[in-house]
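Labels for the chains are A, B, C and D, by order of writing; each one numbers its residues from 1.
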Amino acid sequence: MAGSNLGTIFKITTWGESHGKGVGVVIDGCPAGLPLCEADIQKFLDRRKPGQSRFSTPRKEADAAEILSGVFDGKTTGTPISILVRNENQHSGDYSEIASYYRPGHADYTFDAKYGFRDYRGGGRSSGRETIGRVAAGAVASKILSGMGVSILTYTRSIGPVTISDERFDRSEISANPLCMPDAAAAKAAQDYLDSCIRNQDSAGGVIECIITGMPAGVGEPVFGKLDARLAGAIFSIGAVKGFEVGAGFEAAQKKGSENNDAFTTDSEGNITKKTNHAGGILGGMSDGDPIIFRAAVKPTPSIARTQQTIRKDGTPIEISIAGRHDPVIVPRAVVVVESMAALTLTDLLLLNMSARV
Amino acid sequence: MAGSNLGTIFKITTWGESHGKGVGVVIDGCPAGLPLCEADIQKFLDRRKPGQSRFSTPRKEADAAEILSGVFDGKTTGTPISILVRNENQHSGDYSEIASYYRPGHADYTFDAKYGFRDYRGGGRSSGRETIGRVAAGAVASKILSGMGVSILTYTRSIGPVTISDERFDRSEISANPLCMPDAAAAKAAQDYLDSCIRNQDSAGGVIECIITGMPAGVGEPVFGKLDARLAGAIFSIGAVKGFEVGAGFEAAQKKGSENNDAFTTDSEGNITKKTNHAGGILGGMSDGDPIIFRAAVKPTPSIARTQQTIRKDGTPIEISIAGRHDPVIVPRAVVVVESMAALTLTDLLLLNMSARV
Amino acid sequence: MAGSNLGTIFKITTWGESHGKGVGVVIDGCPAGLPLCEADIQKFLDRRKPGQSRFSTPRKEADAAEILSGVFDGKTTGTPISILVRNENQHSGDYSEIASYYRPGHADYTFDAKYGFRDYRGGGRSSGRETIGRVAAGAVASKILSGMGVSILTYTRSIGPVTISDERFDRSEISANPLCMPDAAAAKAAQDYLDSCIRNQDSAGGVIECIITGMPAGVGEPVFGKLDARLAGAIFSIGAVKGFEVGAGFEAAQKKGSENNDAFTTDSEGNITKKTNHAGGILGGMSDGDPIIFRAAVKPTPSIARTQQTIRKDGTPIEISIAGRHDPVIVPRAVVVVESMAALTLTDLLLLNMSARV
Amino acid sequence: MAGSNLGTIFKITTWGESHGKGVGVVIDGCPAGLPLCEADIQKFLDRRKPGQSRFSTPRKEADAAEILSGVFDGKTTGTPISILVRNENQHSGDYSEIASYYRPGHADYTFDAKYGFRDYRGGGRSSGRETIGRVAAGAVASKILSGMGVSILTYTRSIGPVTISDERFDRSEISANPLCMPDAAAAKAAQDYLDSCIRNQDSAGGVIECIITGMPAGVGEPVFGKLDARLAGAIFSIGAVKGFEVGAGFEAAQKKGSENNDAFTTDSEGNITKKTNHAGGILGGMSDGDPIIFRAAVKPTPSIARTQQTIRKDGTPIEISIAGRHDPVIVPRAVVVVESMAALTLTDLLLLNMSARV
């Protein structure tokens, strides 16, 4: 076990189940002196809050963060920061039936296989609510990065078959449409697609893209602590992620060396940079000073109202229809989760990098 | 720093540079009582040895493994297993020129940026020789897995634009052609493609696929220690990997929930299984008992003889042509590296799983 | 930083300051299926609660534990167990003066030196309240150990100059007197000594002893994970501990080999045991099946009402008299903290030991 | 398992058995740019080499260190430093008898209990030769510390009943007598005592003291990463250590607060210091800028020629007399081991401290 810890210096431990008393995180290793208040965290949590459009569950969850420790006189003290979000909207009664069978695409069976039983209420520990602790910690990491000149832009690249156009890329659109797509036309088309999914009692997936600027070169640890390896592990720890790629990603596998190599050059200020960025800002597992670019593939929400075949715990077949308030797509709400995981990874590696040289 | 360690219980530490005295690995936490000899390790190392076809560097490297500790009377003792492979074929003189500039697609610049200088001989720590320690440790992990009924099949899925056909899939072909492709026709086409790359002083990439059978359900640790997250981190720590996906992978992002969900069912012996396996054998970060399937995208070899633009350390432009003995494609040699990283990850998680229940 | 985590499999993270909103712990890696309720934890917390005799601070602290996660239907689920104790009795106003100077024997100066400032209210993170998280986690570990047949007896061996007599050792006395001494006469003498300390506005220290029975042989990891090394680190992480010894301890340094060696023998049931136990139940860093015995030296409470010399933050000299409600001796309240740290260490090593052999 | 790793940033992994092919260490996380050569390491190894006086085993062991990686152009590169010492003087034939019984005071029985069998040749992994890896790594850590202005003085405080006099303390004596005692008269008396032990086929223990100067204030991590806790764990991981104390140590338990508290003051340059140093330079688990002082109790060598009672593996009683070349006292040779473990601990905590503040 012991899988709820992440990081070497900037180390987080998340806890909590969907329908327990609450969820939260303890951040150990946050440097002292960082200005921090609950509003900093709330701003991030609000980005993953449900009920903000017809494309997310209409459940009402205030998800109000309370900082319990580690902050004094408005600044971090260097001691662990414990953040608590109480669960408010549990209806445990709704879940008695779910206890008896295994939902397709969910972790019901694997939890039983591992532990012998499970907290079946709302998915328990495998619920999307588990990401609240990550996002709260990600808000803190983002403040550190921001102070170091690093910024992270994360958005929806595609939903189902609808992908943004690089020509129409408009950063301001990300917060202007409910799908976090930087392309108004694609966002419109994706909404139409989602409406048809909803009508068909079905769900959709998508791809999230993340661009990090301002990272100094040399961050990341060869061999197993490579920046891309650490990002891959962090992003793949998000429940619904099924694919991860950096820079040219899977396309690089089809290219020739002469096409994929990025020529080094200098910019107008004499700084070393590259003419292209197929590498996605990472060479040999270390940042090269150019923007770090990665994408994550998110599977369609497994909870659908449509009738599905499955089995009971004893193996007998059963047909189910998952009622209730589920997201037809989780991609837009997952954008801030991806951003948080990136922020946590970068912060830890930046702090580790402080001891790279005597 | 401190990036050369991997694992929680079954923990490896690799060391060594391309042109130093040698490379190696220390395995800490290997259970006692496992039969082990140098031949077990050599078998794995020979799979990554160069010079076995015209598609890999003609360098001659014996890569003979010596077990220095942790084995007594033919069995592991539970204490650290130190494995040493001496470097034999160094010509440090060849590399003086390389010290002065930054090769595109290589880690030269990022090493300098991080540490202030680098061991420039043959790529130093970022050389492909660094994977020898991984493969030696992977051989040990594979013996443990084998004893637990777990087997791993790894092969080349595609090289450049040439992909195997699932209809022609022939397991025996993997060791029958120099490209490790389980499809004789694709292997032929890929060889033609590589020959044209060689003629054009260029290189190719590809995709490696891995299928693990026999894993009991429930292995992997929620939340950050998910089986897929740990695999993603391990596979992405291999130098040239730019993408990673599990099961349906990036395609899942385009599917609907009703298409992507795998219905649970029971097999003829009453064991729980799934009608399809889009999940790739992992649900909620834990093995579900079905085959675990993942793919890794490998970029084209950055070292090409063709003329390239780059800069010297001081920023002045330079045209280079990388002479020497380089692999036109590293995918076939990387197959055993991917398999080793998978074996290491699975072994560690299987040992961790022993304490899942009281 | 990152110093608030302990353990490899059974891993705890404590958080909280004396006068923040609360203190607590997250336990990651607790096996599933352990019966657990808040009363189990409360029983341990009550043993460290102040105000139970005239020898501890008269502060009233309910210290009620709330389990926020990781328990379902009365059993642990294998997911993180988060335990919260709200602080109730803060009077932050009392501490404004303390902010300006450095109390002798306290961590005021070192916190400032490390972090640039500190949460000066009641000692902040270095307060004795920090141990609440340890004790709550220790209660959980003790339940696991108990189920494995391991039991821990911890008591006060000495207070100031008063030491228990081995001849008068009476286990039932430990809970019968306020000083947790297994010797009524010594407890009486120690109370007289403490009364004189109180009259003189002074404080006392003492020695705590711990005896663990029922540990199977072979637990503990050579080399750096030795059972005694892990115990030493865990016990020395308790604020006021200045010495630690196992078995014959410092006396062993004066003995001859022929005196200190323990002859192996078999007991009436044929089990391997030793004729003597100078080793304290640990050989080569692993339990040998005999009782594990260690002692911890606890310094006198640094907060005393008597006038002391010290300096302000700017270096100017000042005379202080620490008013308020302080323990004249913390040894009796620290007994359960020592026991908890032992329980946490043993539990982690027992779980690690599950993968010692294939 | 997994007990052969130590450290968070400056991380070492030792390996090797007494009579295997060799022993060694891999140091991961050493900052780049540190001048380092084999002579730096040899100097430390020579301090623990046997056969330097009649008070250590007459075995001849060259113990020549070979640096296999991580150093280029005379400086550390930031990548793992692998150091190998080949074993030369193995006579495995000598040890066949030992395989059948359990030596008192040794780890024979506990190794069998843990792993099912053991490498019985010369103690295997529990041999004193295991410390070679620690000392080699300690030499590297000491170079880093030295560059930061930190120096470590370690010596024998007592052997058997003979203790140095603080009045006669003479630093130059440490390297002038074979017992590393900073007091010529005590060294003479101790030699007489050891001669009588040898005559009686017996052995002696002793106490090692270590004084570290030049540490900046604020190093060490509350709560579990306290400087004293980390030192305690590191020192107690040395085979024969049975006790550890800091500053006033066990004596503090008998003192009153008014006696034990150290008044803060300023020195002639206005720096904050303390009038006394009962704390041993550590407050709240962080260095306070004053000398760090600790002591370790070392038990008498368990291998003695005198006849001893013990049992065979099957439980039958046997009388043994351990022939061969054993140290009548290991304290002088352990001095550099203690110093190395201190250096490793301090270095890791100094590097961790770099990220204490934003």
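For this structure, a couple of remarks:
Throughout what follows, a contact is a pair of C-beta atoms (placed from the backbone, for glycine too) under 8 Å apart; a residue touches a chain by one contact, two chains touch by 3 or more.
In this text the structure is predicted, and so the values were computed from the model without any measurement.
Distance between Cα centroids is largest for the pairing of chain A with D. By number of C-beta pairs in contact, A-C leads when B-C and A-C are compared. Averaged C-alpha coordinates give centres for chain A and chain C that are 39 Å from one another.
In this assembly, the C-alpha centroid of chain C lies 26 Å from the C-alpha centroid of chain D. Between the CA-based centres of chain B and chain C the separation comes to 46 Å, rounded to the whole angstrom.
Residue positions of chain A touching 2 or more other chains, listed in rising order: 1-5, 8-9, 14, 29, 31-33, 78-79, 114-116, 125, 222, 352, 355-357. If you draw each protein chain as a dot and join the dots that touch, every dot ends up joined to every other dot.
Residue ranges on chain B touching chain D, taken from their complex, read 1-5, 7-11, 13-17, 20-24, 26, 28-33, 66-70, 72-73, 75, 77-82, 84, 114-119, 121, 124-125. If you check the complex, the residues on chain C that touch chain B are 8-9, 29, 31-34, 78-79, 144, 147, 222, 351-352, 354-358. If you check the complex, the residues on chain C that touch chain D are 1-6, 8, 14, 102, 104-107, 109-111, 113-116, 125-126, 130, 158, 160-161, 197, 200, 202-207, 216-226, 228-237, 239, 241-250, 252-266, 270, 272, 274-275, 279-280, 283-289, 297-304, 306, 308-311, 315, 317, 352-353, 355-357.
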